[in-house]
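Next come two complexes, and both contain chain A; in the first it sits with chain B, in the second with chain C.
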Partner chain A sequence: MIAELGHFSLILALGLGVCLAVLPSIGVYRRHEGLMRLAGSLSAGLFVFLLISFSCLAYAFWDDDFSVAYVARNSNSALPLQFKLSAIWGAHEGSFLLWTLIMGGWTFAVSVFSGGLSVDMRARVLAIMGALSIGFMLFILLTSNPFDRILPVFPADGADLNPLLQDFGLIVHPPMLYMGYVGFAVPFAFAIATLTTGRLDAAWARWSRPWTNVAWAFLTVGITLGSWWAYYELGWGGWWFWDAVENASFMPWLIGTALIHSLAATEKRGVFKSWTVLLAIFAFSFSLLGAFLVRSGVLTSVHAFAVDPERGMFILAFLVLVIGGSLTLYAIKVSGIKSEAGFDWTARETMILANNLLLVTAAGAVLLGTLYPLIYEALTDGKKISVGPPYFNAVFVPLMLLLFAIMAVSPASRWKKTPRETLRRQFPALIGSLIVVASLVLAFATEVSVAVILIDTLALWIVANLVRDLWSKVANKVAKLPALFQQTMSYYGMLLGHLGIAVTIAGVCTTVYYTEEKDLRMAAGDVAELAGYEFRLNAMRQIKGPNYVADQGEVEVFQEGRSVVKLYPEKRFYAVSKNVMTEADIDPTLFRDLFVALGEPVGDDAWAVRIHYKPFVRWIWFGGLLIALGGFCTVLDRRYRAVKRSRQAAVTLGVAA
Partner chain B sequence: MSSLNKSLLIPLGIFIVLVVILAGGFGLKDPHFLPSQLIDQQFPDFALSELNDPSRELTADDMRGQVALVNVWATWCPNCLVEHPELLRISRDEGVPLYGINYNDDPFKARQWLVRHNNPFQFNIVDNKGKLGIELGVYGAPETFIVDANGVIRYRHVGPVSRRTWEETLGPIIELLETNPDGIKG
Partner chain C sequence: MKFGKMKPQRRNRLMIVGLVVLSAGAAVSLALTALNENINLFYSPEQIVRGEAPRNTLIRAGGMVVENSVKRSTTDLQVSFLVSDMAASEVMISYVGILPDLFREGQGVIARGVLNDQNVLIAEEVLAKHDETYMPPEIMQTLAESKAKAEKNGTSL
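On to the complex of A and B.
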C-alpha cells in the first residue's frame, strides 16, 4: 500500500511538474501576473510530492517490504538500519528518485530565495526547472520504477546491499554528488531564461553566482568523498582511477570551475557574456551526459549501473532535447551581442579567460579520453581499445601546471589592468617557495624528484601569494584585526578555494611520488619493514558482525622500537550476498597513512598481506573539503543578504504607503 | 535572423557529432549479442600470466586441441557467483575444458575468491588491465565463449550460465562441434 502511495505521489508530482512548466510560461506569454505567480506554489507542491514519494520508498526499506522488487534486490532484514536507508540510493532506480527529489529541492529553493528577481524572470526560471523535472520523472515512471512489486510470490528476505556500498562513504557520497549535478540546473535555467528574454545582460550572472557556487561546492564534496571512499573501501589504496564514472563527475566539475570564474567576470565587468551562458549550458549538459554514461551501459565501468538500452535511449533523447534545444536557442539569441569592455593583457579578465580555456580544454580532453573507445570502435568497424591513466595523466597534468601558475599570480590582479609593479611582486615568492620546497625534499625525502620539487613549489607559491594578498589588504590599516573582518566573505571564499587547491596539489604529488607498498606473506609473529616502520602480525582471529563474519588480523606497527599503533584489517564474508570484502585498516595522520589490507589465506596459517606507506595522502581530501568550504563561504557574502534586506525594506515601505 | 553568427553554431555542431557517437556507441549494438564479425574469428592473440602461477605465461595456443568454454569472470561481479555452481558442475560432469579469464580484477582478490568458492577452471588468464577483454568485445562479466579445437570463436553467451543455458544452448553447440567441426556457421 505504502509503495503504491509512493508511486501515486510521483505521478501527482509529474502532473504538478507539467503545470509548473506550462502555466507560468503561458503567464509570461500573455503577461498574466496571476499565472506567473503560480510558479511558486507549484514548485512547493512538486517538492512536497516528490518528498512523499521518496519517504514511501524509505518506509519500504525500513519496513523490509520485500514484495517491492527494488527493496528485495538491495536490502536484507539483517542489514543495519543506516544502510537500509542508504540502500535507497544503492542502485539505479532509487538513486534516480533521489536525483529527482534533489531537482525538486533546488526548484523549491529557487522559488523561496528569489528575492531580487522580477516576477517574470522567476516564472521563466521555475518553468524551465519544472520542464527538466518532467523529463526526470517520466524517466523513472517509464523505465525505472522503484515501486514495482514482485507479486504474488515474493522473497522471504532480500538479496542484501552490495557490501562495497555498506559504508559511511556511500551514505553521503551520492546525495552530495547529485546536489552538485542537479544544482547546475539552476544556472542553466537562469541562462536559458535570460536567452528567452532576449536581453542578455549581466543581471543573470549576479543571480546565478550564489547558486552556482553552492552547487559546485556540493559537487566538490561529492567527488572528494568518492575518492576517499575508493581509497579505504576498495582495498587497493588507490584514490583516483580515471574510470568512466569518475570522469563523469569530474567533467562537470571542471566546467563548473570555469563557470564560477567566468560568472565573476560577467557580473563585475560585463565581459564574456555569451561565453558564460555557453558554460552554464555546458555545466548542466555534462551533468546529464554523466548520468547517460553511468546509466546507459555505453561504457563499461566498475561502478556503472546495470546495462539497459531502453534507459540509455531515453536519456539520449532527453539529452538531444535539452542540450540540442538550448544550444540552438543560444545560436539564435546570442547573435549580435558584442563584448563591450576592453581589457589589458595583464587584467584579471585575461587570467580568467586563460583559466576558462585551460579548464574547458581539460574537460574536453577528459571527454575525449572517456569516449575514445566508442569513437575508435565506430571508425575501425568494431575494434575495441581502452584509454587508461597514461593518456589522462599525459594530457591533464601539463594543463593543470599552467593553470596553477596562473592561479599563483591571479589573486593580486585587478580588473581592466594590473599595474606591472603588482605583477612583478608576485615572483619573489616563487623563488622563496622553490628554496623552501627543495630544502624540505632534500632533508626528508628518500629520493629527490624534480617533478615533486616543481609541483610542490607551485603549490607553495599559490599559498604564499594568497597570504601576501591578504596582508596587502590590511597592512596599511591601523586596526589590523577589524580590517580582516571587513573583507568580504566572497574574498575569503576565494582564499579558501585556492588554498584548498594548493593543499590538494601537494597531497596528490607527494603521494604519487613517495608511496611505498609491499605484498607479503605473513604468519602470526612475522615482521615486515616498510619506509622505516616495522609491521608485526600479532595474531589472526575470527569475529562476527551484524551481517557478516570476518577474519581479523592484529598488526602492530613499530617505529624505532616504539609501538605506534595497532591495526585491525579484516576479510569479511557477507553471508546473504555471498560476497567477500577486504576491509583495510588505516592509521591516518596529517603527514602519512599506514594502510594494511588482508589478502587471502596462503596455507600454514599464513596470510597474504598488503601494506602501504602513503605520505600526505590526507591532504588530497582535506584540500577538497577546503575548496568546498570556500564555495559555501561565498554565499554568506553580505551583498546577498543586502538584497534580502532591501526587499524587506521595500515591503515595509509598501505596507506603510 | 539575418544576423545569425555562424560561429555560434559551433557548439551545436560539436554536440550533434557527440550524439552521433553516443547513439552509434550503443543504439546500433545490442549488448546481448556479439558483433557478428567476431563469430568464426580466431580467438585474439594474447600473452598473459596464469592466476595461481604468475610465472606461467599463457597464449591462445594453450586453448587449442579441444572444444572448450572460456568464461570471463571477476570478483566484483555478483552474477559470476550466481553462475559459479553451474560452472563447477560443468567442469565436473561434462568433460568440457573450462578456461577462465579473470577480467579487470585484483589478482590478489581473485585467488582468494577461487579458494573460497572452489576453482572450476583448468587455468585462469590474468587480464587485470582488461586488454584481452577489450579485444574480445566483452561488455562486462560474466560472459562465456565457445572456442573450437582450432581456436575459433563459435558462440558467445552474455550473462550468467544456468543449467538451462547449458541444456538448451551451450551443450548442444559443443556436441555438434565435437561431432562435426564444420557443421555450423554463425
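On to the complex of A and C.
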C-alpha cells in the first residue's frame, strides 16, 4: 500500500511538474500575472509530493517490505538501520528518485528565495526547472520505477546491499554529489530564462551567483567525499583513478569552477556575458552527460550500476533535447549581445579569461579521454581500448600548473587594469616560497624531486600572496581587527577557496611522489619494513560482525623500536550476497597515513598483505573541504541580502504610499 | 592599421582570439600525443593464441578464469591463471601482487600487461568488477563471438 502511495505521489508530482512548466509560461506569454504567480505554489507542491514519494520508499526500506523489488534487491533484514535507509540510493532506481527529489528541492528553494526577482523572471526560471523535472520523473516512471512489486511470490529476505556500499560513505557521498549535479540546473534555468527574455544584462549574473556557488560547493564536497571513500574502502589505497564515473563528476566541476569566476566578471564588469551563459548551459549539460555515462553502461567503470540500454537511450534523448534546445536558443538570441567594456591585459578580466580557457580546455581533455574508447570503437569497427591514467595526467597536470601560476598572481589584480607595480610585487613571494619548499624537501624528503619542489612552491606562493593580499587590506588601518570584519564574505570565500586549492595541491603532489607501498606475503610473526616503519603481523583471527564474518589481522607498527599503533585490517565475507570485501585499517595523522589491507590467503597460513605509507594524503580532502567552505561562505555576503532588503523596503514604501 | 592604434576593444578581442587559438592548438596536440601513447587495445584469448597481439607493448586481455588453473607461488605473491573465451582458446596470465576481491575461478577478469615470447601475459594490473552480475563489455563480446562460432561449426559448448 505504502509503495503504491509513493508511486501515486510521483505521478501527481509529474502532473504538477507539467503544470509548473506550462501554466507560468502561458502567464508570461499572455502577461497574466495570476498564472505567473502560480509558479511558487506549484513548485512547493512538486517538492512536497516528491518528498512523500521518497518517504514512501524510505518506509519500504525501514519496514523490510521485500515485496517491493527494489527493496528486495538492495536490502536485507539483517542490514543495520542506517544502511537500510541509505540503501534507498544504493542502486539505480532509488538514486534517481533522490536526484529528482533534490531537483524538486532546488526548485522549491528558488521559489522561496527569489525575493529580488521580478514576477516575470521568477515564472520563467521556475517553469524551466519544472520542465527539467518532467524529464527526470518520466525517466523514473517509464524506465526505472523503484516501487515495482514482485507479486504474488516475493522473497522472504532481501539480497542485501552490496557490501562496498555498507559504509558511511554511501550515507553522505551521493546526496552531496547530486546536490551539486542538480544544483547546476539553477544557473542553467536562469541562463535560459534570461535568453528567452532577450535582455542579457548583468542582473542575471547577480541572481545566479549565490546559487551557482552553493551548487558548486556541494559538488566539491561530493567529489571530496567520494575520493576519501574510495581511498579507505576499495582497499587499493588510491584516491583518484580517472575512472569514467569520477570524470563524469569532475567535468561539471571544472566547468562550474570556470562559471563561478566568469559570473563574477559578468556581474562586476558586464564582460563575457554570452560566454557565461554558454558556461551555465554546459555545466548542467555535463551533469546530465555524467548521468548518461554512469547509467547507460557504455563505458567500463568501477562504478558498476546495473546498466540498461533503454535507460541509456532515454537519458541520451533527454540530453540531446536539453543541449540541442538550449544551444539553439543561444544561437538565436545571443548574436545581438556585445560586451561593452574594454580592459587591459593586466586586468583581472584577463586572468579570469585565462582561468576559463584553461579550465574548459582541461574539461575538454578529460571528456576526450573519457569518450575516446567509444570514438575509437566506432572508428575501428569494434576494437576495444581503454585510456589509462597516464593520458589524463599528461594533459591535465601542465594545464593546471599554468592555472596555479595565474591563481597566485590574481588576488591582487584589479578590474580594468592592474598597476604594473602591483603585479611586480607578486613575484618576490615566489622566490621566498621556492627557498622554503626547497629547504623543507632537502631536510625531510627521502629523495629530491624537481617536480615536487616546483609544484609545492606554486602552492606556497598561492598562500603567501593570499596572506599578503589580506594584509594589504588592513595594513594601513588603525583598527586592524575591525578592518578584518569589514571585508566581504565573498572575499573570504575566495581566500578559503584558493587556500583549499593550495592545500590540495600540496597534498596531491607530496602523496604522489613520496608514497611508499609494498604487497607482501606475510604469516603471523613476519615483519616488513617500509619508510622507516616496521609492520609486524602479530596474529590472524576470525571475527563475526552483524551481517558478515571476517578474517582479521593484527598488525603492529613500530618506529625505532617503539610501538606506534596496532592496525586491524579485515577480509570480510558477507553471507547473504556471497561477497568478499577488503576492509583496510588506517592510522591517519596530519602528515602521513599508514595503511594496511589484507589481500587473500596464499597458503600455509600466510596472507597477501598490502602496506602503504602515504605522506600528506589527508591534505587532499582537507583542501577539498576548505574549497567547499569557501563556496558556501560567498553566499553569506551582505550584497545578496541587501538586494532583498531594498526590495522589501520598496514594497513597504509602496504600501505606505 | 597599426596594432598600437587599434581600439582597446578590438585589440582585446584580437588578443582573446589569439589566446583561444593558441591554447586550443596546444591542448589538442598535447592531448592527441598523450592519447596515442596511452591507449591499451583489448585482445581476446583467440587473437592472442593466433599471434595477432603485439609483443612488448601494453595490451589488455581478458576472459573467464579457468577452474583449477590458479597457481600460487609458495614464497611470494606470484600467481598465474588461465583465462578462456569458453571455446578453444586459453591464455596464461602471470601476476605478482594482490588480486581483487571479486577475482574468482569462473568469473570474468581483465588484465593489463605485456605479452612475453611464451605468449604469457605478464600483468601489471588485474581487474574484476564490483558487481557479481556485471560483465565487462569486452568479455561479453568475446564470449558472444566464440559462442556464435561454435554454433556455426556445430560443436556445442
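One rule holds for everything that comes next: the second predicted complex is superposed on the first by the 646 of 657 C-alpha atoms of A that agree within 3 Å, B and C clash if a C-alpha of one lies under 4 Å from a C-alpha of the other, contacts with A are read in each partner's own complex, and residues count from 1 in each chain.
Here, a contact is a pair of C-beta atoms (placed from the backbone, for glycine too) under 8 Å apart; a residue touches a chain by one contact, two chains touch by 3 or more.
Nothing here was measured: the structure is a model prediction, and the numbers come from that model.
**Student:** Should the superposition on chain A be reported as showing a clash between chain B and chain C, or a fit?
**Tutor:** clash
**Student:** Contact-wise, after the overlay, does A:361 reach chain B, chain C, both or neither (first, second, both, neither)?
**Tutor:** The second partner, chain C, only.
**Student:** Go through the superposed model and pick first if A:423 touches only chain B, second if only chain C, both, or neither.
**Tutor:** Neither partner.
**Student:** Between chain B (first) and chain C (second), which, if any, makes contact with A:519: first, second, both or neither?
**Tutor:** It touches chain B and chain C both.
**Student:** For A:162, using the defined touch cut-off, is the partner it touches chain B, chain C, both, or neither? Pick first, second, both or neither.
**Tutor:** both
**Student:** Scan A:608 for contacts with chain B and chain C and give back first, second, both or neither.
**Tutor:** A:608 sits against chain B and chain C alike.
**Student:** Going by the contact rule set out at the top, does A:530 touch chain B (first), chain C (second), both, or neither?
**Tutor:** neither
**Student:** State whether A:388 touches chain B only (first), chain C only (second), both chains, or neither.
**Tutor:** Both partners, chain B and chain C.
**Student:** Which partner does A:579 reach: the first (chain B), the second (chain C), both, or neither?
**Tutor:** Touch partners of A:579: chain B and chain C.
**Student:** Can A:353 be said to touch chain B (first), chain C (second), both, or neither?
**Tutor:** Only chain C; A:353 stays clear of chain B.
**Student:** Chain B clashes with which stretch of chain C: 8-16, 26-34 or 134-142?
**Tutor:** 134-142
**Student:** Which parts of chain A are touched by chain B and by chain C alike?
**Tutor:** Overlap of chain B and chain C footprints on chain A: residues 162, 235, 297, 300, 302, 307, 382, 384-386, 388, 519, 577-580, 582, 599-600, 608, 610.
**Student:** Which stretch or stretches of chain A touch chain B in the complex?
**Tutor:** The touching residues are 162, 235-236, 274, 278, 281-282, 285, 292, 296-300, 302, 307, 309, 312-313, 316, 319-320, 323-324, 327-328, 330-332, 334-336, 371, 373-375, 377-378, 381-382, 384-386, 388, 519, 571, 573, 577-580, 582, 599-601, 608, 610.
**Student:** Okay, in this complex, where on chain C does chain A touch?
**Tutor:** My answer: residues 7-9, 12, 15-16, 19-20, 23-24, 27, 30-31, 33-35, 37-42, 60, 72, 74-77, 79, 96-99, 101-102, 112, 129-134, 136-138, 141.
**Student:** Would you tell me which residues of chain A are touching chain C in their complex?
**Tutor:** Those in contact with chain C are residues 162, 164, 235, 297, 300, 302-304, 306-307, 342-345, 353-354, 357-358, 361, 364-365, 368-369, 372, 376, 382-388, 390-391, 394-395, 398-399, 519-521, 577-582, 597, 599-600, 602-604, 608, 610.
**Student:** Give every residue of chain B touching chain A within the complex, in rising order.
**Tutor:** Per the touch definition, chain B meets chain A at residues 1, 3-5, 8-9, 11-12, 15-16, 18-19, 21-27, 30-31, 35, 37-38, 75-76, 78, 81, 104, 106, 108-109, 111-113, 115-116, 129-131, 134-135, 137-140.
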